[in-house]
Amino acid sequence: MISGADDAITRDGKALILAYDHGIEHGPVDFEPNPATADPERVFDLATHDAVTALAVGKGVAESYYPSYEDDVALLAKLNGTSNLWMGEPDSAVNWSVDHAADLGADAIGFTLYGGSNNEVEMAEEFRDAQEGAREHDMGVVMWSYPRGQGLKNDTSPDTIAYAARLGLELGADVVKVKYPGSGEAMAKAARMAGPTKVVMSGGSKTNDVAFLETVAAALDGGAEGLAVGRNVFQRENPGEILDALEALMFEGATVEEALTYTSAVAADD
Amino acid sequence: MISGADDAITRDGKALILAYDHGIEHGPVDFEPNPATADPERVFDLATHDAVTALAVGKGVAESYYPSYEDDVALLAKLNGTSNLWMGEPDSAVNWSVDHAADLGADAIGFTLYGGSNNEVEMAEEFRDAQEGAREHDMGVVMWSYPRGQGLKNDTSPDTIAYAARLGLELGADVVKVKYPGSGEAMAKAARMAGPTKVVMSGGSKTNDVAFLETVAAALDGGAEGLAVGRNVFQRENPGEILDALEALMFEGATVEEALTYTSAVAADD
Amino acid sequence: MISGADDAITRDGKALILAYDHGIEHGPVDFEPNPATADPERVFDLATHDAVTALAVGKGVAESYYPSYEDDVALLAKLNGTSNLWMGEPDSAVNWSVDHAADLGADAIGFTLYGGSNNEVEMAEEFRDAQEGAREHDMGVVMWSYPRGQGLKNDTSPDTIAYAARLGLELGADVVKVKYPGSGEAMAKAARMAGPTKVVMSGGSKTNDVAFLETVAAALDGGAEGLAVGRNVFQRENPGEILDALEALMFEGATVEEALTYTSAVAADD
Amino acid sequence: MISGADDAITRDGKALILAYDHGIEHGPVDFEPNPATADPERVFDLATHDAVTALAVGKGVAESYYPSYEDDVALLAKLNGTSNLWMGEPDSAVNWSVDHAADLGADAIGFTLYGGSNNEVEMAEEFRDAQEGAREHDMGVVMWSYPRGQGLKNDTSPDTIAYAARLGLELGADVVKVKYPGSGEAMAKAARMAGPTKVVMSGGSKTNDVAFLETVAAALDGGAEGLAVGRNVFQRENPGEILDALEALMFEGATVEEALTYTSAVAADD
Amino acid sequence: MISGADDAITRDGKALILAYDHGIEHGPVDFEPNPATADPERVFDLATHDAVTALAVGKGVAESYYPSYEDDVALLAKLNGTSNLWMGEPDSAVNWSVDHAADLGADAIGFTLYGGSNNEVEMAEEFRDAQEGAREHDMGVVMWSYPRGQGLKNDTSPDTIAYAARLGLELGADVVKVKYPGSGEAMAKAARMAGPTKVVMSGGSKTNDVAFLETVAAALDGGAEGLAVGRNVFQRENPGEILDALEALMFEGATVEEALTYTSAVAADD
């Protein structure tokens, strides 16, 4: 990682990435719980919230909407991705060149690596080109480090996530996005393995705000420097509330209890 | 999509694409019902009709005929395509470079993506190069988004077509051409998923003008912004009539009933 | 096709291509009936006959001999080809770059496409590069369109040859070389499918001049604009005679009967 | 090899390479015996020891730490490497371009070749590009020559290691890193096969300093011009001691017995 | 072939190539009969003999030794080669770029083609690039034409060798190196097939100088314009003797009997 390379997509050194690549990765089924979420404009509006430090979208969505939001949103250009219509060994097409992303004004690039897949070698080499291209354009580099494929049974075990985080450091990411490994302790190990590369967790409970915020707090305590959110936020009726809560928790020193006051959530045991 | 990138191939924001890539995709068998249709000149003449907003052909046909029609026809350069002599997992050769298409004066490029095919990743990366090349030449981008291949049983189900339309948006097409998903409602969903990317339907009844025009009307009502026609138009004895009808329906506010007066068709139940 | 792009390899708009790529495609076995034919010089001398509008050879043969014949022979640079030592799915190596062929003074390029082969997609993309390179150098483009490979049982059926001819038009060849489909009528269909792209037939009887010339006459009547000859001509003791006959038939308005007077052949029923 | 190309990574013509690519090749499991070793800074500090002539790390680690150590550490940019999450035929992704390594100030490149793997041909061609790129930047070239894959049962047999060393010479490495083949005599053969290319041994006992230093001495006596160390050094509580011992042995003419005085190790038979 | 392109590696139009690529192709086992032969310097010294018209070595060996011999030895840069640790379908890695070879002062390039291998198409395309690159640098082109792989049972049959020789001509080699096909007559056929491309034989008896020189004489009488020697020469105790004999035979008009006086060999029937 390059010191400061992530400044444009972090706040006080921490990242809250709003990810919106579901249209390509999963398709319209992800928008069904709340049909309004199919509209990227809604998500771009959400990304203007002060808690959100970067919005991750694909090329077409960025081309269509980013020009109207470039002053208010930091663009994390998600370069690769593939539909789930395809069912082979995990792989991901590079749908967006670094140069095109830079022309559009992207602040950083995002790239998925499926370590352990039969396509790992090829993906790592594609990542190399993307990472080095980003360096030339002074853009940050975020790796979605998701071990997957032949031989990997449980891709969220602490050891696998620690390895995934380390790959972020070894291969030159400024930020590495990993699945939540189940505990703050496991997250701490992953963070330690990533060294100066910042670890952001993805995932967490979608149904219970208390559990979700406690997981986030545990991850942050463990050394994660942020999180990536998607459906858990944008599918809500009032997504601004949870962003308010996350802002309090991540950037304003609030406790989980204090942060919860921003949401209409009720305690898990209610 | 880039706002305005499709202006050269639309009229009032709507597209009526005359597609004539059958010679490569299916071969001479598609010309047998009306042998005169093997002659590209006949189709270029047809494309001068005011209803037609773009003519999609391959490189060789464009090289041979477009220079004589460049003032009267908008050229949609269909870059990839493959004969059906070949029977493997769906794939498509890139037969035409963007630069060559631009030199010939093309207004937009057309590109097929077989989402779900074992070749999806490679095709998506070829699309990336084509799409970004088109941007450099200020040409519009039309995606033939046709999920196909291993694991896809019914490639015109509403869910598949909605996903296909979304891929057009996500990957950077200005216009996405999808199969008709069976109902106006399903088409509406596809259009909603595509956001600002324009959806054009392909297909529809070949034997019954009433049914065909009602399908078109339903698709337009559903949010499609046009259609792509091929054999259904150029194989007719009097293809100008159906183009007159489509022009009335699409661009002049006519009802299906009014549009039908331009054709010699009789009602389905006659 | 580009109007006039084939001028350097045609006479009165018709082509008589002398093909001499047997050394790579079949090896020395093709020279055994007449060992002198192994010497390219003999074939270059033959190519200076006024009836021959172009000589198709590979890079090495052209490098060695063409400089001595460049004023008298039109060079058709056969870019791809493969030995038959190899027995896999039909494929062909690109042994010669367009730039090198242009430097050597080639008038046109020749390229084999095995439609229907598992390698069709790759070969079509190689053809794209060759064809577009030829355009940059103002060289003509001749496609050897030979459907072959998995799923093709009879590659000279009228339907297959018609499709082969159409591929020449669709992909941008100026001239397309196809196997003789068995009748003048079938050839006429192929020629109609190729539109402005010129169809030349390859093959025909090797043992009977009457039958051979009648086949040629039928092909020309059917719309073919020439033929490609190889062993049938260069293996003869007096190949000049059959070239005289072909010249009379193709370029001087002679009947088959009149053309036969140039040869020492006897009628089939003699 | 180019005379002098290795000067920046040798001392008196000999190399002591500290290798720290375990984070990518094996993952966090290699840091478990001494968790502090996960921190690259600790290893960079260790590399400032006068005994260490070069530090081999991957791109991300180099980007993060090398700028602070560039005056005190010679950087050996390990260009390729792959996680062991992946279990196919041995292969290695090229994660770092030569140009990027040169920009960062690397003194030499390191590259793994798995001779005997089904990927040998591809890896050798990748090595070619890396080696020639290094020549352009006046960087040294170190090959990790590790025969592995289909058909290789014992990859440390004297014959295999001799072949591995020879490949270093043949393909253009300045230094070739091979596994210890079991005896000083076998190492001598490997060194003889490598000619002017310097052979460095990797491996050796991890539990017994006497045995380790005797192996090193035997290798040096056999003609090896150095060694590569990793876990055996950095996992120790006091890694400086063994480096002191190696410095005495390699650069100051000490005997094994004398060198042992620098360590807290006891004799094997104690 | 280009007239004169081989001047730097021939003498009186004939070639005696000393080949020393055994270190990569076979490994140290080839040096065991005479361990001193592992040292490239010994072979470079040998190559200064007036009988030797070119020395074929790989990149690393050339980098290490050629600068000291560039006034006395003609360098034939053997661009591709692969270890026999690998056991798949015959293939060969391109270990050396033409540009790098030219920078080093190579007089010609050498390239292996395994006609008949599943990798023939790829190898032929790699040869194309190498051959055309050599033309740009005015270097000669030598093809090692070795049919091998699926379907080839006896790769030294007269027909196979004749085909191999022809491929040299067809693909643009100035010199083609083939296995000895067993008789002067068979060699004559191969030479006739290669036309102006010079055929050099490789192989021949290693144990009997009479038989070896008689084979060479038969090959030269048959039309071969030289030979390639390796172990048969450099493994000898007094390799200069056999080179003296070959010089007499090839360049000074000596008979086999006369040439034998230069060697310490005895007649086969002694």
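For reference, chains read A, B, C, D and E in written order, and residue numbers begin at 1 within each chain.
As a convention for this text, a contact is a pair of C-beta atoms (placed from the backbone, for glycine too) under 8 Å apart; a residue touches a chain by one contact, two chains touch by 3 or more.
By chain, UniProt protein names: A, B, C, D, E = fructose-bisphosphate aldolase.
Given the structure is predicted, the values throughout are model-derived calculations rather than measurements.
**Student:** Determine the shortest chain-contact distance, in steps, between chain C and chain D.
**Tutor:** Step count on the best path from chain C to chain D: 2.
**Student:** Going by the touch criterion stated earlier, list every chain that contacts chain B and also contacts chain E.
**Tutor:** Output, common partners of chain B and chain E: C.
**Student:** Please state the rotation angle, between 0 and 180 degrees and to the nearest 5, that superposes the Cα atoms of chain B on chain D.
**Tutor:** 145
**Student:** What whole-number Å value describes the gap between the mean CA coordinates of chain A and chain B?
**Tutor:** Centre-to-centre distance between chain A and chain B: 36 Å.
**Student:** Averaged over CA atoms, how far is the centre of chain A from the centre of chain E? Could you give it in whole Å?
**Tutor:** 59
**Student:** For chain D, what residues touch not just one other chain but two or more?
**Tutor:** Answer for chain D, listing residues that touch two or more other chains: there are none.
**Student:** Round the ring, starting at chain A and heading to chain D first, what is the chain order?
**Tutor:** A, D, E, C, B
**Student:** Show me the residue ranges of chain B that touch chain C in the complex, using the header's touch definition.
**Tutor:** Residue list for chain B touching chain C: 21, 23-24, 27-29, 31, 35, 38-40, 58-61, 63-64, 81-83, 85-88, 91-97, 100.
**Student:** Flag every residue of chain C that touches chain B in the complex, lowest number first.
**Tutor:** 1-2, 115-118, 120-122, 124-125, 127-128, 131-132, 135, 147, 149-152, 159-160, 162-163, 166-173, 189, 192-193, 195-197
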